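One structure follows; several queries about it will come next.
Chain lettering (A, B, C and D) follows the sequence in which the chains are written, and residue indices restart at 1 in each chain.
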Amino acid sequence: MLTTNPFDDDKLREECGIFGIWGADNAASFVALGLHALQHRGQEAAGIVSFDGHNYHAHRAMGHVAGNFDRDDIMRKLSGKVGIGHVRYSTTGETAMRNVQPLFAELSEGGFAVAHNGNLSNAMTLRAALNRRGSIFQSTSDTEVIIHLVATSSYSTTLDRLTDALGQVEGAYSLLCLTPDGLVACRDPLGIRPLVMGKLGEATIFASESVALDVIGATYLRDIEPGEMVIVNEAGIRSFRPFAPAKPRPCIFEHVYFSRPDSIVDGTSVYEVRKNIGAELAREAPIEADYVVPVPDSGVPAAIGFSQESGIPFELGIIRSHYVGRTFIQPTQEVRHLGVKLKHNANSALIQGKRIVLIDDSIVRGTTSVKIVQMMRDAGAKEVHMRIASPPTRHSCFYGVNTPERSKLIASQMSVEKMARYINADSLAFISIDGLYRALGDKRDGANPQRCDACFTGEYPTTLTDCDADGKPRPLSLVASR
Amino acid sequence: MLTTNPFDDDKLREECGIFGIWGADNAASFVALGLHALQHRGQEAAGIVSFDGHNYHAHRAMGHVAGNFDRDDIMRKLSGKVGIGHVRYSTTGETAMRNVQPLFAELSEGGFAVAHNGNLSNAMTLRAALNRRGSIFQSTSDTEVIIHLVATSSYSTTLDRLTDALGQVEGAYSLLCLTPDGLVACRDPLGIRPLVMGKLGEATIFASESVALDVIGATYLRDIEPGEMVIVNEAGIRSFRPFAPAKPRPCIFEHVYFSRPDSIVDGTSVYEVRKNIGAELAREAPIEADYVVPVPDSGVPAAIGFSQESGIPFELGIIRSHYVGRTFIQPTQEVRHLGVKLKHNANSALIQGKRIVLIDDSIVRGTTSVKIVQMMRDAGAKEVHMRIASPPTRHSCFYGVNTPERSKLIASQMSVEKMARYINADSLAFISIDGLYRALGDKRDGANPQRCDACFTGEYPTTLTDCDADGKPRPLSLVASR
Amino acid sequence: MLTTNPFDDDKLREECGIFGIWGADNAASFVALGLHALQHRGQEAAGIVSFDGHNYHAHRAMGHVAGNFDRDDIMRKLSGKVGIGHVRYSTTGETAMRNVQPLFAELSEGGFAVAHNGNLSNAMTLRAALNRRGSIFQSTSDTEVIIHLVATSSYSTTLDRLTDALGQVEGAYSLLCLTPDGLVACRDPLGIRPLVMGKLGEATIFASESVALDVIGATYLRDIEPGEMVIVNEAGIRSFRPFAPAKPRPCIFEHVYFSRPDSIVDGTSVYEVRKNIGAELAREAPIEADYVVPVPDSGVPAAIGFSQESGIPFELGIIRSHYVGRTFIQPTQEVRHLGVKLKHNANSALIQGKRIVLIDDSIVRGTTSVKIVQMMRDAGAKEVHMRIASPPTRHSCFYGVNTPERSKLIASQMSVEKMARYINADSLAFISIDGLYRALGDKRDGANPQRCDACFTGEYPTTLTDCDADGKPRPLSLVASR
Amino acid sequence: MLTTNPFDDDKLREECGIFGIWGADNAASFVALGLHALQHRGQEAAGIVSFDGHNYHAHRAMGHVAGNFDRDDIMRKLSGKVGIGHVRYSTTGETAMRNVQPLFAELSEGGFAVAHNGNLSNAMTLRAALNRRGSIFQSTSDTEVIIHLVATSSYSTTLDRLTDALGQVEGAYSLLCLTPDGLVACRDPLGIRPLVMGKLGEATIFASESVALDVIGATYLRDIEPGEMVIVNEAGIRSFRPFAPAKPRPCIFEHVYFSRPDSIVDGTSVYEVRKNIGAELAREAPIEADYVVPVPDSGVPAAIGFSQESGIPFELGIIRSHYVGRTFIQPTQEVRHLGVKLKHNANSALIQGKRIVLIDDSIVRGTTSVKIVQMMRDAGAKEVHMRIASPPTRHSCFYGVNTPERSKLIASQMSVEKMARYINADSLAFISIDGLYRALGDKRDGANPQRCDACFTGEYPTTLTDCDADGKPRPLSLVASR
């Protein structure tokens, strides 16, 4: 199999984006547009659940939002003034559909739909206990644990039952729940995954990123705060703080790669942060060269920052095909050995005989850095220097980001010098963790970091019940008895 | 209907890309990869015909190459060491499939497949005459005329019959024909549409652009010359000049927009030409501003050239979604009135309070220039200046480019000053026709232009039999009797 | 909408057929063939679950067995030596797929799949109680109640949990359960729905009707007895009697219409019983006529019996299209008013001027009897006499047969004389309830009928918790507190 | 592969049915219903072309009429008051769609659609000649020859061009042609294939069989006569006799098997003829037995005739599944060796210990007669006698019936005695050719038979240009020079 994403393959992947709206006619239409704007957060499946005051309407599909949620027959079905939606990266194969969110259940008090961005680090343990008590799971999703905890809670109101349920889970969650009592938005006490709130006329909107507000012409109001639960219904908007207070630890990688450059995350422009990172890199690891060349498209803002700080001209040395984003099964053996350049191609006329600084956002496995450096050399580059807009990625994420197992992370196996030789670059440098915080306008508090930077530092902000930091599952019988 | 290409809608569109290979195992696999690299030349349908020495195998499909020509069952069917393929922009609806190329016919001397980039300007006239003699057309494609002319020719060899047929047509054609006698490549006497020749091991390759050679690791040999016919078969490669000599007039718009920036067209780097155009623009129409902002992605090279020449920083003021390239049917009335930004979104944090120079490659109808200037103003731009990397587009193309009827071309209806007011720009300037030739390294010969620049100048290099220069059909009864 | 079943529309419909096998390689292949032989018991959906000793494999599909369970890719997936399957008549629309059986759940002790023929008359009541305790239902099927009762049972072995669950339900059930402990077959204490047991080599088989054994070349062993639970596993075949003994009441309508004529039900040939019914009818309601004409195909055996007893020749006066069994949406208004005869057509050359005795198996709504009598008159019949091979259907079934609401049953609204006028027959007669029992070789015990004949007599053999005998739901709050 | 048609596999197959209507709103709806009634004449594909006075609308699909021509979107597209349709048995594979009729071409004088029942015996020869003159064929259908002959005719009116074309063909054709001048119906000079004419209100209808008239409530007017051409348009109905007169030879097998029993063919009731054949058989080949058992469903009328003549009771000894008519791919090796009875099953309770006369309509290869006799023996039959309602089938048909090559016809290889042993019947008899004519009310004129009975006698009514009587193609170069 050959993909048109040869270089994107070596990225960490956000697992989800969520979007919800309360109080707009044809709510599902806005959800569809909002999800489309969040498509970069999950491309494998999408789903929408709407509520018309009496009935819930759901549609889920493998694939992109466009092509599924732009069909008249489907959108007409999703009637009502309230809706939530979800885009998902991950599970494949036959069991996929039952894991596509929003999940929905008929509870005794009425319907309950949930869209979840994040990952629970004690889901397996809770699931085993629920299963023993007779709860029947329909998916393999950690999110379903939340539903069964709500269903079997001894509290009576929906909010109390949800609070009871969330009190038992650990990990990362930005949640949107559709209930007969209203639309509930909630962010875990550390605020690991983002969630913003906006307004369009009378309608209230929640989304993973502000860009989804832009796309439908809505106004950004504020971030949902870590540990905050907001309910919107006919009585208005109410905010709760049902959990013990904690120092927030929002994910730093949202700035490095996940979020769109035109989003505002934690009150900061993602584009500006990335340009700052590029400038920091130019100061931390300067180099003499003819051109600054971004690995498109994610390396572009940092490359502009690097170019402006260093004075080295910014040039498109790699051209990206517009027709990518999907898998291209390599037809036959005959073409498999070719260095096929379906997604990226060197701009040879430019590169020939020149010294190049390549700017990329991260190195995960390193496999594709090897190819891209080689592509530059094949095009005649005299020198190829690589600068990376994040620190070395050395640890797995357990909070909703798809990371390869630790041993596959090249930076956990090699020194930077060895990596430089491995990818055959004339020089290689990563921004420092402190440099990264500086680009964000912070000074990193080593004892108590202001962000979750566990993928770089291994400092996990929560306990890890289901598995250890290497991702090895803990025996269930032991943990279950805690 | 809403498309994710709100700005691309206002582009001229190349109607086709072609690719052929002779002498490689699983030829169709290379054709599929080559067509993928030419996907920007036509996104609505694709087709491949292969020949295994005994039988022809064909597959055609609506949609992209990826998703159709990456399926094992289909590629296995397309066996043989020779193959040609076609990507197509244009016809929609129920009759589309029969127009998808390569067209194929069983002639008395054997199978005959043809892939055509270009357009014949006397096809209707020839078709009417053939029809009266009993030829039955299966498509509405002008290309089928060539097949019937070959079928009814009184000559005996395939090359003679093809030459006889092409001697009767006028207009633009770069052709690849698969016949029992070999693979024939041919370019019309003016060489209006491009066609290059390359080599991969023992295999000979033809393609609309050199980038298709890069993608499969092949070497560029030379352009097929205007009026040249090349046949490849087991006897080797032979070149013919069956037509009366003429001064070449290759399409200038290939450099402005159609070709990929990493292609070499007529021996020149497209990326470099576009940067030159940007630099020319900066000299011809200088302006004081804070940022040079490209309309992504086609405006980027000219914007870099403009920035480097003017010293104004290059910035991404408009962010393009990665998940575009397909139609997104706007679900309901409620969202239709919104200025929906599914494809592009302003980078508001950057734009706010700044003077912007927007660089775009062309203005066709002007409809989307209106929207993009407004998007900049909504994001808080203090001034918006527009610079266009081509002269005003005032005339229709009859040589294989899809242009709206002339009255829809804004530049044929308004002066540049009026256009500036219409799109609400603080200033608007187009590169001059002479500046455009300068960017190509030429001085335009006004009496005898070196390129086809009819879309800018109205100077058509051929007679127009089927219709007049406004696109109005001529009465068939008259022309038929010529 | 027009269906190709204009007359079958006026039939009662069995809701299910089930088939299971233990101990054959590629068990699912036999299940597929067995289900095909039971297709007349349910045409809307089918499903198979297999167990390979480690994993359960499931496939469910809308539509027939052929076309779904004859695809290599699907059948290969359904690996293992044990399998159960289900064909289903009924629910349509978006929620259909989740109701297609066999249902499956991962319980704490392992997988549990169930295929159910019958209907529980207290399912709504049990469901409400389970829901309040936190059980989440995924379907609207009454069968899912059984799974949740098993999941939440306080017993430990699968058989004990299943017995505990079935002890709480009332109504009709022939069940096949696939568990890690073996394949369990079970029939409710009254044995309302059929279930037979057979043998093929070393394999043990269960099926709704003996014809499914014939089709795969298996031998009929015996009926599963009312109230019997049989488990087959590597330890052999064991039989249990976990319920209080009760006098059996198997459904009499299986003989009238549901079962295939080549099946042996309760030890009697269905074909022979139907011929007996025809002969009884000829004795109970004799008539002078030229031809005995069956309403095809279900009326044929009774018509042969009537002809042989009466001496009136048997003739095909109505011809049935072979291409039926599926819905044919009537294209336009223009043809909707026509008496369209897509399924049946009068054999006019035969009928013209003759006295006809029409034999049908039952009259439900009467709508199509009207049409068929008219069809005979249009074809020129001199007299049309109707004889029905069952007593008047006056009551709804709550045990797994789809009956219209009582007020739609024509026999509950009209006397036989009035019905004769309504359908415009020269005479109309139904077999008596005693005659029906005689045809079965019994004398009906009025105090304690040997069969469930509630659809004719209203004498329901179980309490009806969820609704009253008219099908009106009882208030849940009251019944739930029992 | 296993089919649900184990016995039907051993039938000759009609290759087509046609239906046309002029002058009804939504003509295509009637065509769809009419084709459904003719579905037994061709199940592999269907097509409809309508004409709205300005444009032709076409839809073709693999599979049955129901499921394709009952969709609103498709039927709406087929607008107009004139339409023709075709059902087809035969070609499979990738080239199938282009052969699905009605064929359509844009000729210089306007659109031309044709639906053809029959087969031309000089199509290959004509095709080669047309091809050499430059005509390009799009299908492999013999029918396309007619279109090219019309297109290249030197006559000017449509009727003259069609007459010119048909004057060059030999073989069997019942044609419906949709032209701008009207709807043309035509039957070859020998009238080998049937074609009837009917009326529904103001509309004129043509169909292969009268049953298609019944289904839409139309009235049968008359047969189109051999050699007659009828044109219907706004000027009314006109009849022509453009060909030299010939003694008609309509196909006798229409009565034996092809036509539906409720059709009137050549003025005779098919049902009655088949009963007559059964009675003739009882007289020609009497036997002592307990039951007369039809092979369902085609053997039923003859079995009733045999029973009434012989006094032996008619009984359903073989039960046919309702859910057949489609291929059932036998899932795995394990079930392949079983004598699987997906379509037919013995009514063992009846058969056991009895002497059976089996009535079937024909024996082609004999393969399934072997199985059905065995099925009777397995069910315990004491004696099995086979009586066949047609003479031995010893010759191939070249007039539109799909026959196996001659060497596969068991009757061309064995005597009746040997066949009896081969199929393991206690006795076997076929009706005589004279008996068959008697059942039709005729005395066969040996010198000049009144019917085409070539499949029984080898007396072909036309020359066979393309191949000899064994189906061996003649060398084209020779025949082409005639």
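Just so it is clear, a contact is a pair of C-beta atoms (placed from the backbone, for glycine too) under 8 Å apart; a residue touches a chain by one contact, two chains touch by 3 or more.
Going by UniProt, the chains are A, B, C, D = Amidophosphoribosyltransferase.
The structure displayed is predicted, hence computed values, not measured ones.
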{"item": "Farthest chain relative to subunit C (centres taken as mean CA coordinates)", "value": "B"}
{"item": "Mean-CA-position distance for subunit D and subunit B (Å)", "value": "52"}
{"item": "Separation of mean Cα positions, subunit D and subunit C [Å, integer]", "value": "37"}
{"item": "For subunit B paired with subunit C, centre-to-centre distance based on mean C-alpha positions, whole Å", "value": "64"}
{"item": "Multi-partner residues of subunit D (at least 2 other chains)", "value": "none"}
{"item": "Overall pattern in which the protein chains touch one another (line/ring/star/complete/other)", "value": "ring"}
{"item": "Which chain pairs touch, all of them", "value": "A-B, A-C, B-D, C-D"}
{"item": "For the subunit A and subunit C complex, residues of the former touching the latter", "value": "77, 105-108, 128, 131-138, 147-148, 151-153"}
{"item": "Complex interface listing, subunit A residues touching subunit B", "value": "4, 24-26, 28-30, 32-33, 36-37, 39-40, 43, 64-67, 69-72, 75, 211, 214-217, 260-262, 264, 269, 271-272, 297, 300-301, 304, 308, 313-316, 319, 321-323, 325-335, 338-342, 345-350"}
